[in-house]
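Naming follows writing order (A, B and C), and every chain is counted from residue 1.
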Amino acid sequence: MPTTTQDALSVHPDRLLPAEPGLRKVAREIYDSVKDLPIISPHGHVPAQWLADDVPFEDPTSLLITPDHYVNRLLHANGVSLADLGVGQKEFGDEQKRNAFRLLCANWKAYRGTPVKFWFESELADIFGITQAPSAHTADAIYDQIAEAIARPEFRPRALYKQFGIEFIATTDDPADDLRFHEKLVADSTWEGKVAPTFRPDKYLEPATAAWNGLVDRLGEVSGVDTGTYAGWVAAMENRRAFFKEHGAVSSDHSHRDARAEKLDDAEAERLYAKARNGEITPEEGDTLRRDFMFQQARMASEDGLVMTLHPAVYRNHHTESFEKYGADVGGDIPMSVEFTRALQPMLSAFGTHPNFQLVLFTIDETVYSRELAPLAGFYPSVYVGAPWWFIDEPDAIRRYRRAITGSGAGFGRTSGFIDDTRAFLSIPARHDMSRRLDAGYLAELVGENRLTMDEALDAAHDFVVTQPRKAFKL
Amino acid sequence: MPTTTQDALSVHPDRLLPAEPGLRKVAREIYDSVKDLPIISPHGHVPAQWLADDVPFEDPTSLLITPDHYVNRLLHANGVSLADLGVGQKEFGDEQKRNAFRLLCANWKAYRGTPVKFWFESELADIFGITQAPSAHTADAIYDQIAEAIARPEFRPRALYKQFGIEFIATTDDPADDLRFHEKLVADSTWEGKVAPTFRPDKYLEPATAAWNGLVDRLGEVSGVDTGTYAGWVAAMENRRAFFKEHGAVSSDHSHRDARAEKLDDAEAERLYAKARNGEITPEEGDTLRRDFMFQQARMASEDGLVMTLHPAVYRNHHTESFEKYGADVGGDIPMSVEFTRALQPMLSAFGTHPNFQLVLFTIDETVYSRELAPLAGFYPSVYVGAPWWFIDEPDAIRRYRRAITGSGAGFGRTSGFIDDTRAFLSIPARHDMSRRLDAGYLAELVGENRLTMDEALDAAHDFVVTQPRKAFKL
Amino acid sequence: MPTTTQDALSVHPDRLLPAEPGLRKVAREIYDSVKDLPIISPHGHVPAQWLADDVPFEDPTSLLITPDHYVNRLLHANGVSLADLGVGQKEFGDEQKRNAFRLLCANWKAYRGTPVKFWFESELADIFGITQAPSAHTADAIYDQIAEAIARPEFRPRALYKQFGIEFIATTDDPADDLRFHEKLVADSTWEGKVAPTFRPDKYLEPATAAWNGLVDRLGEVSGVDTGTYAGWVAAMENRRAFFKEHGAVSSDHSHRDARAEKLDDAEAERLYAKARNGEITPEEGDTLRRDFMFQQARMASEDGLVMTLHPAVYRNHHTESFEKYGADVGGDIPMSVEFTRALQPMLSAFGTHPNFQLVLFTIDETVYSRELAPLAGFYPSVYVGAPWWFIDEPDAIRRYRRAITGSGAGFGRTSGFIDDTRAFLSIPARHDMSRRLDAGYLAELVGENRLTMDEALDAAHDFVVTQPRKAFKL
């Protein structure tokens, strides 16, 4: 068993594989068969501009800390101010950046047992060749080594895209976005990768929020459709979805407080829409209208064929003061329980067997895996169980995911494949690698218990990495 | 570790036992001590007529595919039409049957990791002696081999009942059923088995459904009691329960959207009943009256001693179009979250310590195991935690079941024993075998961690198969 | 693998450590490094009087059975009357006591797989040196051996406190308590231990209960503050919290049906308070006012610095007849589902980053671990995830706890450390020992999977026992 001095970075080649020697041998063989396959990333948050403009990353902190709420939130919980990490700061100088990196390294112990430790240490070792573990007294050396590296051409975004073996990556974009960076990439004959936009209309579906009317005005402008009526809103949405599809989009993504999608009768929908446009809709009516909006999105999906992905039931900006000081997406979002069976019944009864319609269901509430998601995906040809997401995108939960959904209805074939869902470009290889290691271990257990032959396991491992994301996202 | 060519059927003698060599040895010893014990099946859906008339099964497809929604639903999810599997088809010819079997075999990969694979492959190997794995090019050969077998006398239902080592089996029956096939079996001196009816009055307890008034009229006819008043409904129910008990029933089974049972005051109950008989009850009032009906059933159980089993919280016929085309029980039922603690408080406060009353609680919502079911069964002498059911009757969930309920309150002695709950007669041995293998593995782990001695484990394994079903179902 | 005759008591030195030989070796090394560390017990129910007066325990039954609802409830479920165990009996003679002990031993099999078996057998072996397993024919001999032991000076409470290696223990006390036994201990120069009271005001926060007005009158008397107004109630509470703090309290403990804490506007709070004081408040209004009371407690905690612990969502006295016959805390409490994300938002938005405020969240509903508690504790510097509690304070659930909270947000550092929460003084060493064994096994798995170095694991094991309880409870 490995012991290390505090300063050596430990990234064991068999990390995350089963400890039992017989299973580890099987898992290693399965893992070896898939570890070098290309990365398919059909849902994430990397900005297209990085790849379009291909400018060097600025510094270790703005690359690895400031924008990554996975990293920041646990430092915050340990008493570090988000301001000291650069979050929400208009000016954040070199010494502040170096100090933020020191804060991370000095608090490295806080990440023990978390996936951030795995990702970050894999990045340090595999991308930057760093051999020291983060700590108060290695912080500066690591910072300098990363800073030196990212100034070199082989660490620019396009070079890394190639080095990482990425085959396809999706960004996440506002319906009013002009997708200029996607256009630039397509027009660039020197660019060989594939970057697709994703249609993310959440804010346009929340009519009781303060920003809604302005957004819907803007939607009218970019689509050239008058959004004064509900019919206009629908036409404008269809217009923008078509625009996204022309630019390579394969999916639309949706994250609201619940998963409900329910058709109102037309007159009631128009009445609520008009009320919303007048800024007079109540929060309850706003929810009602949003559920009709969602039903419309599903109907559009059955027509234009964009895969619909749901990421519901997160309480956004839980700590009001942090939101006011630092803005959204700073680590203060907290999951809630979710319900799919009743919520999705109207949508699935309408479109669940439609040949064009595909729905990928993500959850942070693990209780729905065996109870709702696997049973739904095991009946409806349109439904896929999404990979573990956000807080549960970590080894123990990933193991629970396979064990919860497979036998209870989804098997292997009704799953989405891995989704990294990240803004942290450099963590993408480590995230996919974690998933491949854990699936190899899971399949090795099935082989070890004679529930699967080795041939079946090797085939399944390949399907998890290649076949399933292609099938679920129509790639 | 086993590898096989695609065509050989792999049914390893140690399948589902722990992979770790030391634990496997212990598990094998425990499993060997129980594997040949008789099968007790106190809840299931095999038609009594099969055993009463003992006619040969018709063909492989109508035996193994068409009526088994476990098999059909995953094919449907993979794009196969239910019609092509014979579901809901009045006419379904020989070539269609053979083709349905081909569809199953060609899609066999879809079942990897699911219990259907284990059951089906065990049936093929252990009952039919088949040595090839299902695939597109083995489908016809397997079909022919099964067809040839079921034409032989040793594959008729009574012969299989004996060969399977079944000691007791319960059917599931409508309160208005005349139980003629049960009578025929009892009257047949050549029949040595035991087949008991189960009282399943669900439809008579849902007063807001369209069918209810007709059913309650019929209930009045068969019982000879006027069901025009609530008192009449109660008397008719008592009459039919007594009739079932005379015919060997040991339990009544109940499946509604929630687990609530709450006494109304008599006048309110009569008022709602009258409204329902006039076809004027609202859905909400229907739920209220149904909860009072359930309370009455519990009261009757405390008097006549029929064990009450609850299987709540399933959204029936989720996909409306499939229901309209193919009917109920075609794979379109989806579980929902369930609540027992508050729901059962009135019933358990009234009858929970009554010496005649026994209640077995089944769930597909695993969250209630450690939170509600084990604590309830660990206090009330009447309450037993039912075995994993339906979607969670599979290896990983069965393991979670023991780990969730044992230490949190139920121990080993407050559990129901295994329930196969199946229409698929030929899968019964494989289903009980799966349970015995998994319990052996679970107990081996407790021995391996020195939480139990081997003597205690062997005794517990025997209890799980023999003592607990007898105790929970008063056999 | 161990096999024993029925009569020998099996307490294997490696019990609860992983079965796999490689992991066991690592786990054993980790366990050895922490097994003899002092016990810190920041939440429990041992009466301070036992240590203050240091009188010998009376007899085995009143020490080990009658007051311990963990023990009693499973006997009750197996058909033993609570009365026969001495529960709620004013008179319970020597022969009855001996008979109660016989009932326990004769039913010992019922505890297989439960933590009671582990605790009780460890107590028998490690404290009393008993070598026979409990059974009908060993009951009297064991009874006599315990009775003989507890008559000796080395078995008096203070001697055991020292022998157990307890460093700190908290009791649980009514706000109106005069804490005389705590004072006596502080004043006693021969006493070297540390016993702190805990402020437990539940009953004073439930204004719709029959007892409330009398309790609030009494609160006014002991605090010398007129509790006729809400402001008076607040001042009286602040007065008693200060009194507790002066007597060494480090925390207040709260257990209500839900976790909500929400500020009312002052006039509404006064209106409801006045209504409650007049005995006219409805149950719904009582809940509303209670949530405002809880918000006040949090506000006070942010000022006086007492750590707030929540133990919500238990249905108390589920079986009405048992409650009426035997009183509260006799095993008839059943957990319910709980919600924290929305419930705590107002409280955490107000005090979640306050430097004085600390909140430890306990749950029996395991679904909130990865979904709500770890995400909350991974953002708010005030929030700690409490150790598994009550029904889930058992090996399998303790393992699930670490696996559910660590990677999903809490890491190791946002956890409370072990809490024994027990009235059963003699079970305290076994309870802490169980936790240390299981954490050693958990950490060994992380080492075995190369997710942690051995140095990190040893450090973490020490933190779990020493650092985390000190940090979470400000010791």
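Operating definition for what follows: contacts are C-beta pairs under 8 Å (C-beta built on N, C-alpha and C of every residue); 3 or more make two chains touch, one makes a residue touch a chain.
It should be emphasised that the depicted structure is a prediction, and the values quoted were computed from it without experimental measurement.
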Chain A on chain B, rotation in degrees - Cα superposition, rounded to nearest 5: 120
Same-site or different-site touching of chain A by its copy chain C, using the half cut: different
CA centroid of chain A to CA centroid of chain C, Å: 39
Sequence positions of chain B contacting 2 or more other chains: 20, 367
Partner chain B, residues of chain C touching it in the complex: 1-6, 10, 12, 14-21, 73-74, 76-79, 109-115, 117-118, 315, 318-322, 331-337, 364-367, 391-392, 394-397, 400
Sites on chain B touched by chain C in the complex: 20, 22-23, 25-26, 339, 341-342, 345, 348-349, 352-353, 367, 370-372, 374-381, 383, 403-404, 406-409, 411-414, 445-456, 459-460
